[in-house]
Each structure stands twice: as C-alpha cells, then as structure tokens.
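Next, two complexes with subunit A in common: one pairs it with subunit B, the other with subunit C.
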Partner chain A sequence: MSRKLTSSSLLPAMSRFAVLLVIIILGCVIDPSFLSLRNIGNNLANASILVILGVGETIAIVTNGPDLSAGSVMTMGGVVTAILMKSYNMNFAIAILAGLLAGCLLGALNGYMIAYVKIPAFISTYGLQWAVLGFAYVILNGYILYSFDESFRFIGNGWILNFISMATVCMLVIVTAGILLMKKTTFGRKCYSVGSNPIQAMMSGIDSKKVVMKAFIISGFTSAAAGILYVARMNSVQSDIGSSYLLNVLAAVYMGGTSAAGGEGGILGTIVGALAMTMVVNCMNLLAVPSELRDAVIGVLIIGTVLFDTMLRKQLAKRKAV
Partner chain B sequence: MIKIKQVLHRIPLLIWFILLLVIIFSTRSSQYLTYRNLLILLQQGAVLLIVASAATFVIISGGLDLSLGAILTLGGIAAALAVTAGLPVPLVFLIGALTGAVCGGVNGFFISYCNLPPFITTLGTQGIFYGLALVLTNKEGIVIYDEAFLKIGATLDRKIPMAFICCLLLYIIIIFIQDRTRFGRYLYAIGGNAEGARLSGVHTRFWKFMIYAFAGLITGLAAVILTSRLEVADPIVGKKWEFEAICCAILGGTSMNIGKGDVKGTILGVALLTIIRSGMNVIRIPSIWQPAILGTILILSIVFEVRASMKEEK
Partner chain C sequence: MENRENEYLVDMRHITKVFPGVKALDDVSFNLKPGEVHILMGENGAGKSTLMKVLAGAYAPDGGELYISGEKITRFDPVFLQEKGIGIIYQEFNLIPYLNVAENIFIDHMPGKGLLIDRKGMHAKARELLSDMKMKVDTHALAGTIPVAQQQMVEVAKALTHDLKVLIMDEPTAALSGIEIEQLFSIIRSLKEKGIGIIYISHRMQEISQIGDRITIMRDGQYIATHRVEEIGTDEIVSLMVGRKIGNLYQRGERQKGDTILKIEHLCSKKERLQDICMEVHRGEIVGLSGLVGAGRTELARAIFHVDPYEKGTITLKGEEIKQKATVREMIEKGISLIPEDRKRQGLSLILSVSQNIVMASLDSVSSRGWLNRHKENEIVEQYIKELNVSTPGAEQKVNNLSGGNQQKVVLAKWLATQAEVIIFDEPTRGIDVGAKKEVYSFMDNLAKEGKAIIMISSDMPEVLGMSDRIYVMRDRRIVKELNASQATQEIILSYALEGARGEEQDDKN
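After this line comes the complex of A and B, so read on.
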C-alpha cells in the first residue's frame, strides 16, 4: 500500500523540484548574484515567515480545509505581542507567549465553527478573517507601532555565522516539530485519515471533531508565530501586515503538492513551495515588477499549480486504471 | 384567530429581528424613522442586494465565489473608463456587464471545465482582478463628472433613489430568472444532485459555467450602478463585499450543501446588514470599532443560522 502511494506521489513531487529549479535558473539569469551565500541566506530568512505559516496551513488543509484566516491571525499575533511590549512594558517572552495564545484561541474558534457547528472551513475562516482584522485595528487604534527591544528584534534580525539568520532557526524548529507531529505521531495519522475519508475515520473510532479542532489550533499557533517573527524582523507593526500573506501561503501549500481535497500532501512539500514562492517574489523584485501586479501573478500561480496538479492526478488515475 | 397565528408563524425569524432593531434605533434617534434616512438606507443596500443575489445563485449551485468583490471593483473601473472616454450610458452598462461576465466566465471555466475547487479558483482570480484593477487605475480612484451617467445612481431631487430603483428592477429580473426559466431550474438541479442532473440529460458542465458567468454579469451591472452612486471608481472598493454577500445569502436561508435557497430570502439578509451598519452610527459606536463589531455579528449570525437550519433538517 505504502509503496503504491509513493510511486504515485513521486511524479508530482519531482515536478515541484523542477519548478523550484526553473525559478532558481531564472533568478541566476536575471541577476548573477542570485546564488550568492548572502542572497540565499536572505531568501531563507524571507521564506521563514511563509514557511511557518505554511506548516499550520498544510495541517489544516490536510485535515479539513483551508484556513483563510491565516493572514489575519498572523496580524493579530503580531499586534498582541507588540502592544503588550510597547504599551504595557511587558517582558518580550511573556508578550510572545500571549501572542501565541491569542493565535491558539482564534484557531480554536475556527475549529469550533468547522467541527462542531459544521460551517465549511472556507466560509467560517474567511468570515473570521474580517472580524479579526477589525479587532486588530481596534487594538492598534489606527497607529503604527515601531522600534522594539534589541533582544526581541534579535529573534527576527540576528545572524549566526553570517548567513544563517535567527529567523531561519525559528523556522527550522517549527518545521521539525510539524514534520515529527505529522509523520511520527498518531495525531498526524489521524489528520490524514480524517482528511482523506471522514466517514471511514469515524468508523475506525477517530473523534474527527477533536482532530479538526486541534489542526486548526495548530494553524492558529503557527500563524501567530509568523506574525511575531514578522514584527521582530520588520521592527514595526500595523493592522494589515498579514493581508498579503494569505494568497502567498496558499500558493506555497498547493505548489508543494498538498491536495485541495485533503488527506494528501505534507510539510516538506510546502517548504519547497514556500521557497519557490519567495524566490518568485525575489525575481519580481529584481525585475522591478510593479507591486500592484504581484497579487495578480500569485493568483495566476495558484490557479496554474492547482490546475496542473488536477490534470496530473487525472492522468495518473487513468494510467492506474489501465 | 388561528389564521393570524398561522400567518405569524410563517414570517421568518429574521423579520422580527429586523423590526426589533428598527425599534431600538428609532428610540435612540428621532431622525431614524424619516423618509430621508430611509432613502439613504435604500441607496446603501441596493448594490449589495444584487451582489448578494449573485452569491446566492452560486451557493445554491453548490459553489462559492470569493471574487465577487473583485469583479465589482473591476466592473466599476471598466465603466468609469468607458464614461471618461465619452461613451453613452447604455454602452457603459454593456461594458460593465461584459467585464463582469468575462470575469465570471473565467471562474466558471476553471471550476466547471477544469474541475478546480471553487474557493481556490475564485481566491486566485480575486488576486488577478484586483491586480488588474490597480494597474488600470494606477492605484488612484477615477473620479466621474459625466452628468448623465451620475443620474443612474444618484438620489434625484432628494426624493427618488435611482440606484435603488435600478437594482430593484434588476432584482425582479433575477427572481424571474430563478423561478421561471430553465436556467433557474438547472441551478437547483445542479446544486441538489449534480450527478443526477447529468444523468437525466442536463449539460451540467455548461450550465455550471453559465452560473458563474451570470453571477459575474449581474455583479458587473451592479458595479456600474455603484460607480455612479459613489461618483468614483476606487481600485479597492470591493474589499469584503464578497463576504457580506455570502452572509446575506446564508442569512436569507440559502444552504451550503443541498441546493436549497432562494434569492427572495436574500433581501432580508441585505436589509439586516444595512440596518445594522447604519444603526451603529445612530447609537454612536466609534468608527474604529465598527468593522470589528460588524464582523463579529456576521459570524455569529452565520453560526446561529447554520445551527437553526440543521435542527430543522433533523
């Protein structure tokens, strides 16, 4: 069974790396310093926020459906942490914990609406997105907060060995945790099982409501973590920092081969997708693509990859049938 | 007596809720129950009514369109460009409708002919349409001066709400299409049981494509009216509209998964939303709080509505 699965998912996985390779070559053509150690380090650091968002998003999509509130929850995590440090003079560690907690709570709210009230994920999370954005705006009161503690900023901006940034380290920690969770624990198995066939999962005694709930709490957690990292990197926060990340993270996850139908895919693929996305943005910067066109390009990429994926799967299914 | 009770029982809960809100708001402000305020409410709710009807159609068919707000934006910009180029009003409507229909057609093509999930497709096209809108306008709103065009959406003589009248006409046509045409019947057939519809000879792919194209088309028409009412075509005017439209549809009794719903109910959802939004000003909620409160109310109302309809089904 497992062998069959790998052979059928090998081709899509290969195609991801091919896409990544094409983008890297394209980058080198545009700018010879694309593959310099510093640019790679920068790309990794830039990718870190997207990858962290992608870890939770992947788990949510594998288990049930997309978490369209990821961008707003990211904003909220950053805003809560920032306001606690700035206006209430809290220690940055406590502020970070509070930000992460806010993310988990919002994730739990999503999970409750999806698993217990049975509102489809793409409606409940899309709705929560707007409400959360509204509250982030209220908390900031329309201001922009900036210039935080040195020690807090080190999380996002510090460099080790001149090319590994602290952001990359944070990313590696969360990615490792996510991969271990999905590959080595029963929870991970349950996620795939609930995602691929909810009825079968229920029959085999899995409490799918709880699994969905947990998956969305994790997604809330990683989104908030990404927001906090963003604040630490940029050293400023306003109420729309996450809004541009939603399309990016979905593109990264789908490009990484996670199936929109659920139950298939993984975090490793998402990392490849996120790296590809970051380099696409890097290339667009090098080419001086006007900023207003970026969402359009990413929209094309999302539809293109999902289209490609659907067609590839169809072909594979045909071949199997023969 | 029994008859009255039966009639009372048949009135949806939503109407009672709307009445309650109106009473609360009118006690708070003597200006609330005036003709002038009614005009403002009608003008504000009119365009949302059309976009929400588009959302209702798509949801009845079992799909979802997150790009409606972006189509509204792009349609408005196309109309504004046409007006500035000096085209007559009927042509402007045609261009708005065409822009909407093409955008909707793109959605429909990917969703129906390529089998892509609706939310991914429309989220992707949302990005594309907004990108186009920003490029076409150079990130700035297009202000419109054309007198004849501005009459479509204005409140004439401070008495006649033109945007409302236009949208009401369109709404009646939409109801007619839903209830009396083959398109309307297939809409329910596809939403209820697409496979069954296909087996009984309905060309489901084509009609599903048509549903998205039609949703785009009426949103494009709504965009022309909105642009005329606002007197400007803003490249981000449509943000959040798709969510409000979906909320209105669900509040109006349209269900996500069984091809159940009716655009006639959607008007109640639109009324509720418009009344709440204007009411927040009446009871003096600071503007900075308003998006948060409105978002919360909308989410709670969806939760409430979905729970109630699930109980009903049981």
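After this line comes the complex of A and C, so read on.
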C-alpha cells in the first residue's frame, strides 16, 4: 500500500523529470559533449536567473496568485543596483542590498494591495508591472548603463570550479532557502493552507493577510535578486531586461506542476521546468534553429509537458479504479 | 399517454429516490389542486426539498409516477418541467446580482428584436408584471442592490413569465419581516384566484392557518399524513413531524459535571443579529444547541470563536474575560475549538494530506521558532489516526481520497490536536453513515468524561436528545429556553424552536 502511495504522490514530479530526461538524451544525441561538466555548468548558470525568479513566483502562486510584476521588479532591482554603483559610486555590496530592498518594498506593495485592499493578485500585480516599468524608464531616461566593477561582475560570470559558476552558487543558495522555507517552516505550511482553502485557513487561526503579504515580499526579493544577477552577467542594464522573463517564469512554474488554483506544487518542480526550458534553448543553439522557430518550440514544450502529465494521471486514476 | 381526471394539477404517486447510502424519498405520494395552497412540513432532512426537486425536474425519481394535469411525465429535466408549468423558488435566491431586475425576470427568454434584445419592451413587460403584483420596483435597479423582499417578488415575477400552473416556494418567508410577509401572502392569494396551485414549504406554524388550505407532513423521507388545515392543530402537527424512537446509537457514560468553564453573558451582535445570548457550559457535560436552520446557532458559535464580531456582552473562559477583539488564533490558544459544519469548505484543505490537515490548527505545538518538527508532527498525526480509527492508506494521503466519515474524523483530529478544553461541534454527523456516527458519538462521550466541555449544534433531534446533558433552544437569533435532558422531548424542543406554538413562550417574548 505504501508503494502505491509513493507512486501517486511522486508522479507529478516524475513526469516532469521524464521530460527533462528526454531533453538531455536529445541533447546528447545532437552533441556528445552535452553532458560534459562544462556544458552542464553552463546550462545551470544560464538557468540561474529563471530559477531564482521561479522560487518567489512559485511561493506567490502557491499562496495566492501569480505575481505578474516579477519582470518589472526584476528590472527595477537591476536598475537600482546599477545606478547606485554607476552614478553614486557606491560599494557593490551596499548597492545590491539596496536593489534587494527595492524588490521587497515593491513586493510589500503587491501584498498590501492583495491582502488588505483585496484587489485580485492578477490585477494588482499586472498594474504594478506597468507602473514599475514606466518608473524604470524614467530613472534610466533611455540610457543603457554598462561596464561595472570587476568584483560585481564576478557574481554573475565567475567560476569557482570547472563546472560551478557564481551564478549557480547564488541560485543554489536561494533555491535551498526557498525549499527549506516551504517544506520545513510553519510559514511554508501556512502558504499551502491559505492557497488551498483560505476559509479553512481562517478557521484554523491562520492570519492569511500576513501570509500573503510575506509571500509577495519574497517574490519581490527573488525578482530583484534575479535582476541584479542579470546585470552582473550581462554587464549592462536597460529598462526592458525583465519583460521577456515574465512569461518564461510563469511557464517554468506551471510546467513544474504548481497549480494555478493554489495550494499545490513546489519549487523543485519549478527548477525542473526552468532547466527543461534552458536546455531546450541549448539544444536549439547546437542545432542552429532559426530564432523565428524557437518560440514555437518552447510553446510545444510547455503544452507537451502538461499534456504528458495529464495523460499519466488519467492512466493512474484508471488503474486505481480497477 | 394516460388520460386521468384533471382534478389534480400535480399528482405524485409512490415516489422513491435513492442517494448513495440514503433513501431520501420512500414511497411518497403528494397532490395539488388548482388554486390551493398546499403546505409541506417536516424536520430538516425529512425529504421536502428532494420531493420538490423531483417535481421541478432537478432529480429523476427511482420509482413512482408523476402526473401534471393528468399527463404522465417521463422526462425529468428542469426546462421541460418549466414548460409544463412548474415554477420553483429555491431557498437560496437564484437572481444574478449584477443584472438588473428586468434582465433577471426574463433571464431565460429575453424578448428579441432581430438579433438584439428588445430592452424597452422587456422593461415595459417587467413593469407590467410587477405592477400586477402591486409592487413598485425599479426594473433598472441591479438585483443585488434591492431589498430581499423585493428580490423575492422578482423571483415570483420571473416564474410568472412562463405559463405557470404550479409555484413551489421553499421557505419564502425565512428572510422577510412582518409587512413583507403580508405582501407576499396577498400575492399568493392573487395567484390562487388565477387557478395557480402553490406548494409552500415552511417551518412557521402560524403561517399554516393564515395561508394554507391543506397540509402534508413528511418524516425521514416518508409520507406521514395529509389534512385540511382547519382539521389539525399545532400539537398534532408537531407530533406527526417528530414521532421517532431513539435507538441505542447514542453513547452516554458516567459524566461528572464540573465547574463552569465557559460563560456567555448578554452577547449581542449586529452583523449576525444575535440578541442577548446568555449561556453557561460546565466541564464534563455535553450541551445541545437546538433550533431550526437560521435560528442563529452557527452564528453564535462563530461569535464565541471570534470568527465574526460581536458588539455587546462578555465571554468568560476559565474565569478569564475574553477581549472582544481577540483573534481566532488567540481563542485556539486559550482552548476553544470550533468544528465547523461544512467540513469541505471550512474544515479541511482537500488537496492537502491527512497529516498536514491534522496539524493545521496547532502548528505552534509541532514547531519551534517557526521550524516544523516532523518527528513531533508524525507522532501526533499517528496518535490521532489510531485514536479516531481513521481509515487511510497513510498520513501522506490526500484528504480528498477519503470517505466522508473519515474526512470528518480528520476534522475532529485537527481540532483535538489543539488540546482544546471547550469544543463546539457544528452538525458533527451531517452526511456521514451510521457507523461513523456511532464512533463520533462515543468519541464525544469520552471527551466529556475526560472533563472537556462540549457544545453540540445539531438539527438532528434524536442526536440532541441522545447525547446532551442540557439543551439550549434557539429561535430568531436568541436563546428561548434551557432544558435539562431529563425533561426534554422532541415535542417540547420543537415547540420552542417553532414560532408561536405555545402560549408560555409568547410570554417569554414580551
């Protein structure tokens, strides 16, 4: 009986790992060096921004609803850090802290609008997305900031081992913290409680306003962190860096099995989703797939993964019924 | 098609309806003549609403026959029966709050003008219908913004847009005040004159003689009796409604009544209209809270648990006065549990595991400084799974996959895990099978024996009588009577729970 149980509870994760495995095999067929340490390291480094964004996004979706401002908050985190370093000559560590703080404040604003003013997450974060984007334009005034300190850029581009980059280290730290938070703390438990049934949570004495508030602050934090890492990697920042990331991070989260209805899913699935997307891009690079086709491939990947999972679940339900 | 005498508008014969595990209707016959008001009475769960849903086509019966104006009906679907002239106004209104009055009235067949809706014509017709009923309602007002009484009239008007022969009204006066009830009655009388038959479900005794022609009483899904209204008295109706024997389902060990643990004095709330509630609960006793649906029992429980606010009065728990502004969390910490009525909506997160649900209200006791202690959690979860005999493949199973009875046990476990000393059960056995019921009863009895105080809200009279040491009866948002279990009978409880059934009670009111 216990075996049946494991298979049913691990199934969503398994079906996603299966998709990832297929992509890796495909990569190896295309290029035998796909599984070399260096290439794995590259893929991990390339996935780091998406994964970091995904940590906060997953927590927001599990608890309440999507944080559609993730892209703009990412931009703002990068812009604040960059400006403080470039225009005010601040130490990069302080600039990073300020960038992260900006992300937390924007997250708090989201949380306040959702939990206390009762504006649905979809609308309040979507509105903030535009407001912050506009603000970033104003701050940068159309300029592109580039060429930062060597020590700052090390965070994005440095390698400490042959296959472990600093970006991967940053990602691992945030991922570990996120997973611990969701799995091992009462806060994580409350997120699932509020997300799965807010009335039940209220009757259980859980202050869902506080929980939602914190969830969006975390999402703001990880978005800003992703933006800062982006600046460190690319050595430049402009006002639209986050725009393309929003849809990608939502895809990674939903592909990873987190339910849009809330209360179900987790960060591990999101990581698998983000890695799958990054590795598919790697494969397409190796195959020199024309850029016009790439979006279509990503689209097929997203729908395919979810379809595969749905079919597996149906099969399992059938077998259970027999 | 069989041609029968057209004496009856509706003739239901030997109707049977079975739901999984329950015979909701067992050989029930019922008929309705043109221009009469036929009152349908019975306790909660007697099968009135199910019978009416068969007539309205919402349920297909498993046995028996239905004739409408002599025509045998074989197709049970709501639209078809609406075409046959059956209109039903459910207890919960079905108006769409964001559409206006005219749109609601013509919701299922808006008058057209080519491809477009003929708005002018629609409003004109709606106004005409409403003024026929002597109602002044702005047809442009949004349905959600008009008073409840007017909403009800809109429901009636909506039914009248079809060729109406029969109108079913399920507790239409539950939310109405005196004048509004009078208005409704005058509309009913004018419908009668048109030859429309009315089936009227109500719990209010005094309405029977005011508006009824005949009365049919149901109990436990069975037909009991039909009488002309002038031939039958209130006492007889009550005893026909009840008339049931209590089996040995209920457990009652040696309970030691201890000191007062919870005391409520003069509690009033604006939002839920609770009025001057005074009650006392002792350690080691089970206190029944009886009354009809809507009497204010759940609302009182929610006020005690601080889910809903109250403005006046004091709650004293273990000698300590509770602040009005206390939160649910604080109430749990002080030792009160409220096991809610609607377990799927309020008691559980169905997509989470048995384990996660069980510790949901006592996260503090399985964690330190915010970090969960899985070892402790598993210990507590295993303990309650064993103690309550929850049948589940494992603690990590989703609650969704358990049966109703086992889900209810998970809810109980969740609220026992908080180490509560005062436990409020709201309809603890609703929708679970007899076996699970018995387990819940013996569990409640054990808790009382351990010295915990239990408040049990229940609409199931035998359950209240079988389990309680004392019984408070509520009506119209106030406590109207306190009874000792030894002096209580179903008749006595029901007579207090119903309005104006006894002279003595009229005095209480004044």
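The rule we apply is simple: the second predicted complex is superposed on the first by the 279 of 322 C-alpha atoms of A that agree within 3 Å, B and C clash if a C-alpha of one lies under 4 Å from a C-alpha of the other, contacts with A are read in each partner's own complex, and residues count from 1 in each chain.
By definition in this document, a contact is a pair of C-beta atoms (placed from the backbone, for glycine too) under 8 Å apart; a residue touches a chain by one contact, two chains touch by 3 or more.
Being a predicted model, the structure only gives us computed values, none of them experimental.
Of the two partner chains, subunit B is the only one that A:L250 touches; subunit C does not reach it.
The larger set of touched subunit A residues comes from B, when the choice is between subunit B and subunit C. Once the two complexes are laid over each other on the shared chain, residue contacts for A:I179 go to neither subunit B nor subunit C. With both structures placed on the common chain, the touch criterion links A:D207 to subunit C but leaves subunit B unconnected.
In the overlay built on the shared chain, the residue A:L307 is in contact with subunit B alone; subunit C does not reach it.
No residue of subunit A contacts both subunit B in one complex and subunit C in the other. Remark: subunit A residues 1-2, 4-5, 9, 184-187, 189-190, 192-193, 196-197, 199-207, 259, 263-264 touch subunit C in the complex. Considering their complex, residues 66, 68, 113, 117-120, 122-124, 126-135, 137-138, 141-142, 247, 250, 254, 260-261, 290, 292-300, 302-303, 306-307, 310-311 of subunit A touch subunit B. Within the complex formed with subunit A, the residues of subunit C that make contact are 307, 327-329, 331-332, 338, 340, 345-352, 356, 359-361, 363-364, 367, 370-372, 393-394, 396-397, 414. Per the touch definition, subunit B reaches subunit A in the complex via residues 64, 66, 110, 114-117, 119-121, 123-128, 130-132, 134-135, 139, 240, 243, 246-247, 250, 256-257, 288-296, 298-299, 302-303, 306-307, 310.
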